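Listed below are the structures to be examined.
Shared between the two complexes below is subunit A, which has subunit B as its partner in the first and subunit C in the second.
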Partner chain A sequence: MRSGRAIFRVLLLPGTLWLAVLFVIPLGLVAAVSLARTNIVGLPVYGLHLDNYKSAFQSYYLPVIFRTVEYAGAATAIIGVLAYPTAYTIARFGGRLKNALIVLVILPWFVDYLVRIYAWVVILGDNGTLNGILHGLGLRGSPPVQFLNRPWAVIGGLVYTYFPFMVLPVYAALEQLDHQLIEAGRDLYASGRRVFWHITLPLSSPGIAAGIVLTFLPSLGDFATAQLLGGPDTYMVGNLIADQFSDVGDITFGSALTIVLMSVLLVVILGYLWTGSRRARAVRA
Partner chain B sequence: MTSWSWSRRAFLRDAALLSGAGGLLAACGGNSPAARPAAPIKAKVDGDLNYFNWSGYVPPQVIKGFEAEYKVTVNQTYFASDQAMLTKLAAGLPYDIVFTNSAYMRQLIGGGLLRQIPHGELANYGQVIPFFRDPPYDPGARYTIPYGYSPTGIAWLTDRVGAMTGSWNDLWTHKGASGHIYVLDQIEEALGMSLLRLGWAIDSGVASQVNRAASALIELKPMLAGFSTADYTNLENGSGWIQHAWSGDVYIALGKVKDPATIRFETCKEGIPIGVDTMSIPVRAQHPGTALLFIDWLLRPDNSAACVEWMGQANGTSTGNAAFNKLVADFPFLQTSDAILTRGAWKRVPTGSQQQLWAQAWSRVQAS
Partner chain C sequence: MDRLPASQGGAGVRRARRPGRPRLLVAFTALVVCYLFAPIAVVVLFSFNKEDSLAVFGGFSTRWYVALLHDGGIHASLIASLEIGAATMMIAGIAGTALALGLERSGLRAARVVEGTVMLNLVSPEIATAVAALLIFTQLGITLSLATVILANATWAIAYVTIIVRSRLASLSSQVEEAALDLYASQWQTIRLVTLPLLWPAILASSLLVFVMSFDDFITTYFVSGLGVPPLPVRIYSMIRFGVTPEINAIGALMTVATVSLALTALALFALRRTRSGPGVVTDLNG
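Here is the complex of A and B:
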């Protein structure tokens, strides 16, 4: 037994090293930069300055934060509604095609995310495919319908991008679901709807919770979708951070914003872990 | 040895991010490459060329011609913004030639990131027009050779809007174009333009002025389709009726629309923002000799004209500027002249506390 444990310790090493070198150290650097000031070429001069955090909590950033949470929340809710039936159908009725169908769900990710968002620009643009079709059907000619620069374009882009991240964990939960429980429910004269609400849905809730975390968190930090499909009124926290690095050159402020955003995300994660452990306790009890 | 230990501490503090402290280290006798009093560069091949530029900014045939002439390879890497260019140079990446921008010279020259260019080694230096031998951003042109410039103004679609007045107010006053107006998504262009319109310096560091300029942009926001640097695309696809634009991009849009008479461009009386993309050799360059030959290659009259025709911008050489005015002969509103250079409002990206002031003001505009 002891030697078996030792093996696991050794196996842990590469992953731990990877996390330490590529995650903890860079994160520490970001934290250090957030407390720094910049020199003439924009490089950090390290110190303990809190001005960047003071700037981060200016009231005029509040609308950006609310908007970001709103978009990410809306996108997550829509993804949930769309992804659950997808995952359910594949898990229940996929048969031998299950794996192929799951591959189809993640197939868009074989193409780079930015390229696919650009494709949406082409589809939704004023002179784009969709307006062309509308024009061809004689529904709306000139001026074209403005699809881009609208909140729904950004939320739609987020839904499109992160949809597979909900399907996969929900599918995994449904796939492992013990069918005898459903059969038992039916034997006890529960209707299909009651079986779903009282057996299937609660048992797949860990998958839903994981899906929410996997879609909500990246949506909160996303900037490419809002940058390409959105406009001046759809500016998200991710855009604010990205602009500090690529446009304004204020990497210290960008780092402070990153740390603040990560703290918020951490709260969400802790909430998820807490409900998870509560659920585990409930199951044991 | 106190100075040594001081520089060593500075070294540790700045870890790998040394270039910015290059000047300090030089004073302390450190041995970063920036600190060595570099011998003047000789124009001779000393290796392949590591080239850092906007994507597609130099015509491929000119680069191929250079490779064939000098039997070297040009390794091209690109940046997506001037800020990204500055960040990479500051981090000490060893590019041999970089296409810098005049607005960043306080950072690039002041930060000790560029090497001096010995004009005597450039056979075609005589091509550079007098203005660029002593430009305001680089006295004596010791660090920069001009490559391309186009003033900023307002472009509009004549079939959508009329009665433009040659003032930056034109972005604010056309209520009928609401939702079809674009402002350039670049801090020095957007805030600089707003400052000029209010009668202040394009690079003002006065907090009240910068904040007022930002508020004016926020007042404009409800009328905007967006902040965008894709000015030629917006003009070409018709989504931008009024577009804060670079004249060079207007030329590109003119070449793409069916009827060029539908696009016009004006510069504004409150001030013409101007900046020039320049060629420079970073202090970390490992093949500065080849880089010098490359600069000379681009100054050669035939190549200079080819570059102008490729990018649709004047370039500050006598041959190139003549080629440019011939290129835009049909569009008198795009013609360049020395007056634009001498009277223009030269863009300067702020540093230090002024940079913070600008960054916060611009973030407020974006967030509001």
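Here is the complex of A and C:
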């Protein structure tokens, strides 16, 4: 467009300032506090100390970091296995119901985050629905099966919470896929399986990559799931961070853990961008 | 949409060639849908349970809803959360729309940096942005309250509105706006009379989305809410930690009805603009 862009520059201002004051500067502050030491009353004394990072990578806390990546990774993989066929079925065979079906699949996501986790407490608890059903099936008198406080309860909770973040991008990729390519593959006597592996799957890979990022990252930072469905043995980094910002915690250590979390995020994002540019090159070639 | 008949034809041909495959996929999808809805159904069912039990349904009763009706603490928390949702929606709706217009039309190089910041905000784990907000408030000596919750929630909410409104803006042809300018409308008149009406469904939909999300936001709210009345999610969290009571089922069922109907309204607004022109629901959500 022509002249008179000044007004658009003015429009940039409020949002930019907001993000600067309440997102960028605070993140810088987290980094500064992570390098500080605490004095006797628990206030940060700024400096350039790496103590907090050393203790984060100490044998006591390192398992928590590994466990977090493991749970988030397992949840992402399971979500992928559940979400891809679902998105594929809706995109390919949904017909006129496509949009209604995809809304149906993402609808549970709009149910309150805590209520969704709580639902699993109701189902899996010692006095919960599942144990009630087992009891009714004739396992009377036997002690309740412990489903909660186990790794699979936490991973299952993450799967349930972040499922839509995979379905949506995969569905979008499959929906935009040029069906003429598939028809061409069929015309050239490729079997359905070959068409899927050589045409459909590669062409939907940008959606899969976006889905992996969108499910893995929030799973990494989750803490209510492990808090409510798990126990001390299933603590994730998020729980550790939340503890540091409670009354008894150390905010400099909590900040260091947050920076570690953001670093993992950065690695994932860079990996995503790198594979994205590789994919783009492969398409051009 | 113009490809739809071809794709349906393709599906039909496939179905004829191998009848088994879609059936298996359809069954799988049906199972996934059951898995997604079963927990919510359990919560709603047991909210009407006559007994205290979460294992056995002892008969229909509305006693837990009656208990809710008389729970003053819950009412206060509900009002606090409604205030958070409304204020966040107003701030994010206005600042996010303005930012979307600025990013798309200002032609500034610096806008790329702002855009990168918006994206970084969107992909950051919520716990990280919540910790950052908490630190800036405590270091500036600001007492945690409903206001800090609104400030912190509006930060991610602005990013959501910006992305959604911007994707709509990008799909609009600038020719309409140029026509208005050719007819001697000022830049501001063009925005007000041409651009904003075209963007209205996207602004409304993203604002509703942000209302729902900030109303039941837990992580950010948990970190930056003070000692006053806990917003509803924070109260639910402490109720669950204290022990599961069927009253939470009733809250959950009511919140489900409220948020899902608002979400459906927002999605209907997306659908509305899809049928007019432009790409579909999901492509828009992905930005």
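The rule is short, and it goes like this: the second predicted complex is superposed on the first by the 247 of 285 C-alpha atoms of A that agree within 3 Å, B and C clash if a C-alpha of one lies under 4 Å from a C-alpha of the other, contacts with A are read in each partner's own complex, and residues count from 1 in each chain.
By definition in this document, a contact is a pair of C-beta atoms (placed from the backbone, for glycine too) under 8 Å apart; a residue touches a chain by one contact, two chains touch by 3 or more.
In this text, all values refer to a predicted model and were calculated from it rather than measured experimentally.
Q: Could you look at A:I78 and tell me whether it touches subunit B, subunit C, both or neither (first, second, both, neither)?
A: Once the two structures are laid over each other on A, A:I78 reaches no partner at all.
Q: Tell me the contact category for A:A190 with respect to subunit B and subunit C: first, second, both or neither.
A: Neither subunit B nor subunit C is touched by A:A190.
Q: Go through the superposed model and pick first if A:N127 touches only subunit B, second if only subunit C, both, or neither.
A: After superposition on chain A, A:N127 lies in contact with both partners, subunit B and subunit C.
Q: Going by the contact rule stated at the top, is it subunit B or subunit C that touches a larger number of residues on subunit A?
A: Result: the larger residue contact count on subunit A belongs to C.
Q: Have a look at where A:L181 lands relative to subunit B and subunit C in the superposition and call it first, second, both or neither.
A: neither
Q: Just subunit B (first), just subunit C (second), both, or neither: which does A:D247 touch?
A: After superposition on chain A, A:D247 lies in contact with subunit B alone.
Q: Is A:I25 touching the first partner subunit B, the second partner subunit C, both, or neither of them?
A: Touch status of A:I25: second partner only.
Q: Just which bits of subunit A does subunit B share with subunit C as contact spots?
A: 125, 127, 245, 251
Q: For the complex, which residues does subunit C have touching subunit A?
A: Against subunit A, subunit C makes touches at 3, 6-8, 10-11, 13-15, 17-18, 21-22, 25-26, 28-29, 32-33, 35-37, 39-40, 42-43, 46, 53-56, 94-96, 98-99, 101-103, 105-108, 111, 114, 117-118, 121, 123-129, 131-136, 139, 151-152, 154-155, 158-159, 162, 174, 177-178, 181, 186-188, 191, 212, 216-219, 222-223, 233, 236-237, 240-241, 244, 248-249, 251-252, 255-256, 259-260, 262-264, 267, 271, 280-283, 285-286.
Q: In their complex, what parts of subunit B are in touch with subunit A?
A: 13-14, 17, 19-21, 80-81, 83-84, 86-87, 89-91, 106-108, 110-111, 113, 179, 185-187, 221, 224-227, 237-239, 349, 351-352, 355-356, 358-360, 362-364, 366-368
Q: List the residues on subunit A that touch subunit B in their complex, please.
A: Interface residues on the subunit A side: 38-46, 51, 55, 58, 60-61, 63-64, 125-127, 146, 149, 231-233, 235, 239-240, 243-251, 253.
Q: Inside the complex, what are the residues of subunit A that reach subunit C?
A: Where subunit A meets subunit C, its residues are 1-2, 4-16, 18-27, 29-30, 33, 82, 85-86, 88-90, 92-93, 95, 99, 102-105, 107-108, 110-116, 118-123, 125, 127-129, 131-133, 135-136, 160, 163, 168-169, 171-172, 175-176, 178-180, 182-183, 186, 192, 210, 213-214, 217-218, 220-224, 227-228, 238, 241-242, 245, 251, 254-255, 258, 261-262, 265, 269.
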